[in-house]
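Just so it is clear, A, B, C and D label the chains in written order, and each chain counts residues from 1 on its own.
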């Protein structure tokens, strides 16, 4: 009788290697799936390791362009920021990977998808809600939530012991005392020594960005162009003759990551609220994402009508929660995303930013579609504006306030 | 017969000096009122000038402590940010000054208050709505909105000509090609050459903060302590033996302004939406305010419950609009402020920030009142958390998504 | 020299007849404009009166279908209700009329539009904001806000005296001691004896709906069908053999008005907040509108995803304010309307309502596009639902609550 | 060795009787807990039944006053309505009962609380989240979510068979083909034949309210008085000499229930979204609650400032979700409730309502604390209002619209 097939989201690390073996020992066929979303990984080596352990096959897919085009840049267009600070680098990657792994599962006739995400985290939720949305009849095996697994492997040492026993190669270098998640948009750091929010993180953690003391000593000026809220090109460095104009989304992000990294741009250290109700401390570095978000925010405020901006802000805050919580493929996210896209129809133009010493500073912006009217606002030009009208405007706004003042003073 | 008394909000500059004279020529008695809210001003000289022109009296009041204690620090407690970027330095000063000028008007039996704010701006609104709230039977004379005034003085040269004719001293130094508003919280720059949002501002504008190239070459680390959301002390530099502990609100802000200024902290260049419906470009520098806001945001996310944080965020965005638009003394602002204050009851603790090269970086935070639970979130400790529960949690959240997925695929 | 042309929104009543004369006396050419939006009016007689007074021409346009199709039914689709109770019958008519009057003004080369709305009301705002949006270079003459007019005509008796002097026919029947606004969607009653909110309105006010004591003694059952949130047909009475199926929007509204009126459906007596900051008491009767809104609300809750419903609700409340305040043609209303329309894509189906004795009761609803799943919710069928999952769902939701409980009890 | 003690929320019905026996068979001591929250129940008989089955003890507590005072009337004060229609009668009862049952559990040294709520419903969530909030170290046994229970009892017939076998008395009367939940605030009906939303419910379902055809033929007029948003008295019938004035909260609700019931007030038939993501059809009758809510809504709009009303509305919608979802004792509900209570400080006064034929009609309202100003709004009195000011107000509001109009027409 044919064995049930599992597609395992495989990283090459200790956890998913042990999971792979453990699943095989439970009489499943296992195909390992690896997504290249820009993390620093030796995919070749990981493939060999998976096959050595017994994977029926290993699929490696380059999702970097897909991730940048359909997740990261739309997130900038929508202005997604979780709890005012986090640009959602990990949250955005999960649905992207889920699409591909579900496609693989359907293609190969798998019955299960499995992953190594832990039981307290957000990623299990994001991953599984995406999978169930895309494949309602699919099933997920999450070993870290199965008592027979988590009772057996109560710590890293249990995994190492198992690996040794089962001839699974274990990396010689000791694990960093924190965990990371890496993709082309960001690297996150959490757990371990970072779990104490009152402890200053050790130096040397960050990998995409330089410390300010090592950052470049000169500013870089970049012209970033948006169309309908989406970044479409960057001129780097801006304003120079032999300037580089980048329009490929992937190259755009890679270039801004490199430049932002040199200038130490995009680090944060926050405590955030997980979907499960836990508070968690995380460090993030998001160089290109930070530059693009700051530029987009500026252009949007410049181009959009005041009241549209406020409604859009409400939707943006809702969407940020949806994405963080794993609801990228939910009805509410589809709906909110459509509304947010419509809001961006006039957010086209170019923002000049200076990046220097960790700062992304707006220098100037221009747009053919902005409602800004220099003559109207000018102190030196009437511009069709009648100052007497302001008197009526103020007086009418004061009607309600005067009533309230009279009322409250009468009440005393 | 006694002449009607006007209290004129006087700055010592060309505009309000000409207004003073113009009002006197209309047969009013005029008492000039000057508020010291931390601006760089020679009050003595301005007094003499007002008296020379013919003011019946000049009142100068030091409102710095009042402004810091009852406006600036509560704004940090409430997390007020206009359109995601502007910390409302000018908007907060207007109601503070209005209280004092209304008190003066009542004390002196004045019939009118007058000011030099222009007809396109926000300040006329903030000023007058505050005055009418505090003194519903009061009247405001705004010469820049009176045709007999603005038709006569169509530009700066008309004012200068009038001043010369009426023996009003005119400053020898040419006016900067932009206008500024200054107080202990911030300096704003707008108008003139800044009216073109696509033009990079000239260097040398900023006064409170150094350019990054001139900023200090070492980081400063500060421990900022909050009680119920209000900054109550700062230890500067933090972690050292002979550290300075500041608890006086005014000294706290002055010290952070100085230190923040040395590190180039707190500049923004934005296009904002005025209450009147115009878009306007402004530059702001808010060194202490920026440091305090960044620290407060971090502590709040650390201490507050996730869902309380979301409601508080909604109220904060509303309150920011109320304050920007001049409704500090409105029923909605009184109400929202009460709600925001209640939200802060557990926002107590200390945040360690590093300021360096324009950046305010969070290093650590601690709080006796935070809901953060290290054991609960730890990857290494179960902490009473059952991983199996996450399965049910995810599955139930997926119920709705699966229904939607089945439904939409059936609809195809 | 040619005289400037004014298009006057003319009602045939005392106010606009006097305004017509007054404008003519100021040397304008005046064309009167009358929109038939379903009010009970003798247009022929009003035309003759206008011409008698001296109107250059009178335009009467039947806007009923336009009003129903492009304003009233979309308002039902969007779920617009002001301050939880008012269906915006007057607010919706203003932009509709404005389009036609502006078109007439442009066609005839008029320079001004004039109207008889008073200075304290909402309608002046709605009318003029619509006109300025559609015709930014146009100008409005609002006599009731011009001192030369309102000082001369300080009460109704001044108008009557003027009318008699200028040979303007005055209705023999005394004016009702309140004012009304009537169209095919509703009739409103306010002012006069209604201004005291503590006074029970006199009987006999209402015109579209019967008093409950006179209402029909039998219930009527109607099937109302919606497509994408828009009412598209009604089967009246429903469930019978020779049932009447109505699909013409105008006939649909007329029929439901008649039937609703017979059953005494759709009256409210409220105090509302005007845009200008005044509170005002109004009585409204909206028979068809009430039936359609109640049915739509039911279908929407049935069809829409839970979270989409909440976002839609936020947008609906915003849009209701926009429409009430006169911002139908604003960027925020265009934007919000698009978002609301998108939300309605799956709101298709049929609702069975019973109207009887003032009540609109939902009896049943069906929809091919609802997310309702009878098997899933059934107490008798598992429907793919695992009850154990609920345990995990509850436990994870309790994590945050337990932390808070422990924390607050520890704090005591 | 002592056996672990369970407090079982006991209803006397088949389900909880079988659960009682089943728990006893599992070697627990079981004390049954019955809360009288106004449901029509023979508590004496249920006690005997429980003891017959083997309960160690039965506790019956009269929570009616507690429920009315601390849950139902505050809900009216807060304006809680779920998804625009449901007054939350069941949702409010759950936390009330939970407090008492947790107190009993603590008093008696119980280790567990158990209940008969099913796995697809809201009540399990409300009940358990309340229990865990009040007693974080407590444990809940929910048999309907335990496979050993629900696999054994797959339908009602399995329960009956078990009951017969175990000598548990079974009611002779057949169960209604739907389930109900009853308390002093409302009765809900769902499941069974009601699960088909397109089926018109059978007649004769409702118990608290008469069908309209049987309703009283005369209207009743009631004066309801609120203090700070809370109903404090009713004068019934209002306006008569020998009027009855009721101030006791419990009597107030009972009297309005009776009167409302006679007039057929307060029925709805809706499809709602459960917290678990299912859609469910429910019928509710809430006579007193409907009368009080309608009156409160009217007084609130009359008394509150326009902008405060809008913020309050946002909070009210959030709180309604919190309460429906079972989060009465959550940090967000504590916080939001405080904010809502503060909003009601000026909501004091009397509303005259007419109840007749299912309708609750507002006739009049008065309040010493309303911001309504009759002179200000009067068409016949200037009241300090300058009509010219409206011109400026409109023109300034049009600035943004004209810009947008020019911009969009230029874009074409």
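Just so we're on the same page, a contact is a pair of C-beta atoms (placed from the backbone, for glycine too) under 8 Å apart; a residue touches a chain by one contact, two chains touch by 3 or more.
Chain-to-protein mapping (UniProt): A, B, C, D = argininosuccinate synthase.
Since the structure is predicted, the reported quantities are computational estimates derived from the model, not experimental observations.
Student: If I average the CA coordinates per chain, which chain comes out farthest from chain C?
Tutor: Relative to chain C, the chain with the farthest C-alpha centre is A.
Student: Could you grab the centroid distance between chain B and chain D? Build each centroid from C-alpha atoms only and quote it in angstrom.
Tutor: 44
Student: Rounded to the nearest whole Å, what is the centre-to-centre distance of chain A and chain B, using the mean of the C-alpha atoms as each centre?
Tutor: Their C-alpha centroids are separated by 32 Å.
Student: Enumerate the residues of chain A that touch no fewer than two other chains.
Tutor: Those would be 276-278, 305-306, 310, 330-331, 371, 373, 376, 385-386, 388, 390-391, 393-394, 396-397, 399-400, 403-404.
Student: Mapping chain-to-chain touches, which pattern fits: line, ring, star, complete or other?
Tutor: Topology of touching chains reads as complete, every chain touching all others.
Student: Can you list the residues on chain A that touch chain C in the complex?
Tutor: 276-278, 305, 307-308, 310-311, 314-315, 318, 322, 330-332, 335-336, 338-339, 342-343, 371, 396-397, 399-400, 403
Student: Please give the residue numbers of chain C that touch chain D in the complex, ascending.
Tutor: Residues in contact with chain D: 83-85, 118-120, 124-125, 128-129, 132-134, 136, 142, 144-147, 150, 155, 179, 191-192, 195-201, 212, 215, 219, 267-274, 276-281, 297-298, 301-302, 306, 309-310, 313, 317, 321, 326-327, 329-331, 352, 356-359, 361-366, 370-374, 376-380, 385, 387-388, 390-391, 393-394, 397-398, 400-402, 404-406.
Student: Please output the residues of chain C touching chain B within their complex, sorted ascending.
Tutor: Contacts found on chain C: 305-306, 369, 371, 373, 376, 385-386, 388-397, 399-400, 403-404, 407, 411.
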